[in-house]
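Structure below; questions to follow.
A, B, C and D label the chains in the order they appear, each numbered from 1.
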């Protein structure tokens, strides 16, 4: 098993605020990693740095043990196979659902693109809405559409930022099934989520972040028992 | 021979001091001369100036009245006699007795005659002025032309002057009038005195002495000239730096006033109010309305209308801003670019409403006595009161705005929403209400900018259009959401502009500064101060 | 005609928009026919020609604002580049063919037109120069801005400052393009004396046809993949970048295309009005271009054309007949469009509750991140 | 045509056609009821935008002159009707409206423009359509179109006499000159001609300084500092030749007075300065500064009394939104222009431009300035008198000097 994403000594600052503080982390291929932590712990910032949206002050992020992501552009990172779903559903509202997914194929789509798009739409259950404008979709549908957009290019690293926020129980259920189906030996999946039950169901290991550092790493069950984690969450 | 004449005059002056009979003016002839065209007038004025020191007190008073009437155009040059319109009615120009008004008009003073008549009046007033203040003013008028006046004028005047302080001053001025005297010691004293009030004019005056034969012959004289020039030069350099700083500060204060309202609104809501310039214009119009109201209701307070108008202007324009926010800006909240166009339309509307309603002419502002003119501080460095007013006003506004933002609940809310709108909303900050209040605050500040500008610029419907680009550039350069950034950017832009202007001209200065800002923003889009935040 | 916009090519077949484009295209063909047929007075032909130039300018802005969500308040700059280049060309031709010394030589204190204008005597060179210079200026400024991710309101105001700077520069006599007076006194256009009615007709016809061609070409481009990616950039640029697209390149391409189109508009406009001076660089004109687009409706090309024609036609008419009214009408139009018809006055006819939701969905178009 | 519906087509092309038809149909809007008995004159003066305060009043003067002509029986049996417009200080719009007036409204002559640039914009239009434009402003000269009547003076016959006066012993024996202008053609051309003139008199280049500011520039602090420094330097009396325009004039004057410089220290010759520029200023500190025009309100004579009272009555009767007590040179020039046109048309017995133009030669008119102004066969320039005015306490100008007769206008400056 190889390391998909290796993070070493990562520090990110916004002005005087230190969002990530000398963080180190390794995520393997084939694994689903849950990242949890209270608000402001640095979860989204972590994804921002990996996907190239934010710049690190110090430290490095290695993808596939070779590619240094902290110096690459967002587009380069995406093209190398690292894809991310944003926290706020980010779809192209003035385009059709089908167009959205087709754009997800990337700048140089393969010849079998249309078939891939059709299959993907089936998978997320949006085939019937393919020619509607994305802006007309319901919130949950937008979440899935965005997942479809990032998954259709078969990324090696898939990052999901709060995939079930605002979804109904039933929708959450379907999302969990979807994530489980996406798990593959050649792919690392990182899930940032507040819903602990959801994280427990889909992830192999969890990383608990607190004030920009790793507070705990291991299984969800052990995390729930960890004194420090409980302390942070319940604010004792 | 020259010496002898001077001695004679001195004796005369001494005699005058003991109220001995003096030479009388030929009043009738002088009055007729003054009304006989430009050449006659200059002769009459010269006669009056030359004879000022030897005139009787009655003649001096008459000379002051006549020259004053010429300057104020209260004289009527008739075919046979001329009359002066005095507060107590028409009087004869020669006898000052009551007379029927002559049917002529006042002669228009040519540029050549005006200083001659002014000098004649000042010379007469130095003797006939009723109060020490009047005489001191006359002395100041004479001082600039001291070298061209007969020295005995000052000597006599000093001898007659009852006020000890003024007497000293007259003697001093008299001293500087001796620059071309034959007594080297007096000339050196004159040089020292002139050099003590350094200005470019003084420099020219003394530098001219380098070609004087005495400069080559008398080493003491040459040393005095050189020392005087060196001293003036030093002060001129100081004053030139002071001028540049003052001009830069003055421009910066205008930029700051124009930008501060925009900074708050843009920082908070991310929208640009293109009608901001028109709010500045409206502020000036409201100040005008206050002035006119005071003129009608309480003329005694008219001198203070600028101060009294502050709350009125702020509240009025804040109300306009709140109305604009509630009717237009709020509805376009998610579309900042549309807000841009909509507020542009509003600016068009305001300009044309004012144009149709009030007219296109410049408004007639009374310049309060405390804002007119300025004070020469050192060398060529003049502090003009209207600019100083704008600087102080900007300073006070800065402190007040800072206090509002840091010390009031509204300020706290504004800062909270500026930093994180969603979070502020979550913890119960009424964001929409804060938007409205902040828009009002920003608009009110723009109105105050208009008030601060009305002693400096013309007030007409077009006046606002010049401000939007400049003030927005200041806001963006400083960094959105930081008051300190706006201040620093305004200071920097103002100073750089003033530094470039004498080198490449005003157009190039403006172009260079704007291009510098555009370039800077390409390199650092977040501006000087703003914190780099998460992009999404 | 409909074959050109075959529905199967377009995943985003906004049928209504397509119909509108076709309608406008047909109207342009009809206009061209009427102009070519003669029978209209010189004044009317000239007015049509000018309106076509404004429409082309609006079309250029719609490409970047309507599709890519980038509002330029400085498009007068590119319009002026085209105008000045063609002005230099016309002056060179006039001197070459008539020998009349133009005013500019006199008031600039020159002996003759500057030597470096010489090559512009050839029209192909002038055309290339207009397109080349506008492209180069757009490329340098666009590259710098998009690279540092200047967008939204910032971009709008910075472009406004840029056009203002250009205006100040061109007002200076020393800049060398005639200062405030600019260039006038063109004697011949393509070898024909400018007084000849054929010149008026030819220029108007050329303007209408160029507009027609630009409309069709841009529409084809916009319903293709490039257009969809632009829309995606507008809706969510970060999202698009994180899907592996270099949005800098996309934006730069459409920005340069738009600049070149604007320069073409200026190139056609100047011979018709007989003057080019820094007034076209005034910030107000550049804002007005955006207003035309907003009034006609953004992001569908036909709207920009209709907006430009409508606003300018009303302006021409009111300036002569009811001069006091024009600014109020314009201001009212903008406010009404901003508040009630976010997609332009063309929604007037189909403003139905069913469409409201879609309009609302699209309202967030220009929201900047 | 499958996706094509009749309704959208009608809607869209209807909108487009309606738009295009507006300016085409508009002339009907302004066409008066009874076209046969009237002859129309077009005005191109802005009532909105930056030039509104200055240009706006000229519309009314033209109407007033037309009313006088009509009261005297009209021209060639027709009533004169003045058609006003608003080019909104927007230069291309002057050309557009001018073209419309010439070709659609069929005006017999145009009266208009203030700035040089607006005249240059309209120039190709009147030349193309062989129209007549009466231009009421003094300007930089160096232009001589057969389609423009230059009612006011070119610099050689107005500015140079004024400068001569300042340099003479009667004036201030000016030796040194600080030229400040708005950065455009009129100031630059004037200054270029002045420099040529001074050179021809053997004055050294070090005796002058030249600065330009952008339009509507207002921050004159640094420039006035420079003026003070220049004026105090040795070499003789310094005067400021001010060719800034519009709102820059009062801004400059205010700063000048505030820095304590009076007219006796450094006089300003403001070449574009009119009474309207003194509105809102405390003129006590500005008394003595000069301007130079072909008419001043204080001009003596019957014609002026008649003109001033006529304007006062007209303002009251027509509710004109301008002061009844202020008359400036371009107003009188516009007034002259309408009368000159009427005289020429009468003399020609026709409204055709070539005929009217032929009739210009030998015209003369009793101008309110007190001079008999006239035209010759040589060119379309009008010879006018020259006044030098001096700012007085009452925000007006006193006549300080005036030319003996009307100098012959010289369109092309010998000092360029």
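Please note the rule applied: a contact is a pair of C-beta atoms (placed from the backbone, for glycine too) under 8 Å apart; a residue touches a chain by one contact, two chains touch by 3 or more.
Remember, predicted model here, so these are calculated numbers, not experimental data.
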{"item": "Of C-D and A-C, pair with higher C-beta contact tally", "value": "C-D"}
{"item": "Chain whose mean Cα position lies farthest from chain A", "value": "D"}
{"item": "Computed distance of Cα centres, chain C from chain A, in Å", "value": "43"}
{"item": "Separation of mean Cα positions, chain D and chain B [Å, integer]", "value": "31"}
{"item": "Separation of chain A from chain B, taking each centre as the mean of its C-alpha atoms, in whole Å", "value": "65"}
{"item": "Residue numbers of chain B (touch at least two other chains)", "value": "352, 507, 510, 535-536"}
{"item": "For chain A, residues that touch 2 or more chains besides their own", "value": "53, 86, 90"}
{"item": "Multi-partner residues of chain C (at least 2 other chains)", "value": "168, 171-172, 238, 324, 327, 364-365"}
{"item": "Chain B partner contacts - residues on chain C that touch it in the complex", "value": "65, 71, 73, 144-145, 147-150, 152-154, 156-158, 160-162, 164-165, 168-169, 171-172, 238, 283, 287, 290-291, 294, 324, 327-328, 330-335, 338-339, 342, 363-369"}
{"item": "Complex contact set, residues of chain D against chain C", "value": "1-5, 8-9, 11-13, 15-27, 29-30, 47-48, 84-88, 90-93, 95-97, 99-101, 103-105, 115-117, 120-121, 123-125, 127-128, 140, 142-143, 183-185, 188-189, 192, 212, 214-215, 416"}
{"item": "Residues of chain C defined as touching chain A within the complex", "value": "11-12, 228-229, 231-232, 234-236, 238-247, 299, 357-358, 361-362, 364-365"}
{"item": "For the chain B and chain C complex, residues of the former touching the latter", "value": "266, 270-272, 274, 328, 331-332, 334-342, 344-346, 348-349, 351-352, 356, 469, 472-473, 476, 507-508, 510-511, 514-515, 517-518, 521-525, 535-536"}
{"item": "Complex contacts: residues of chain A adjacent to chain C", "value": "51-53, 73-75, 77-79, 83-84, 86, 90-96, 98-100, 102-104, 106-107, 131, 133, 135-136, 146, 149-150, 153"}
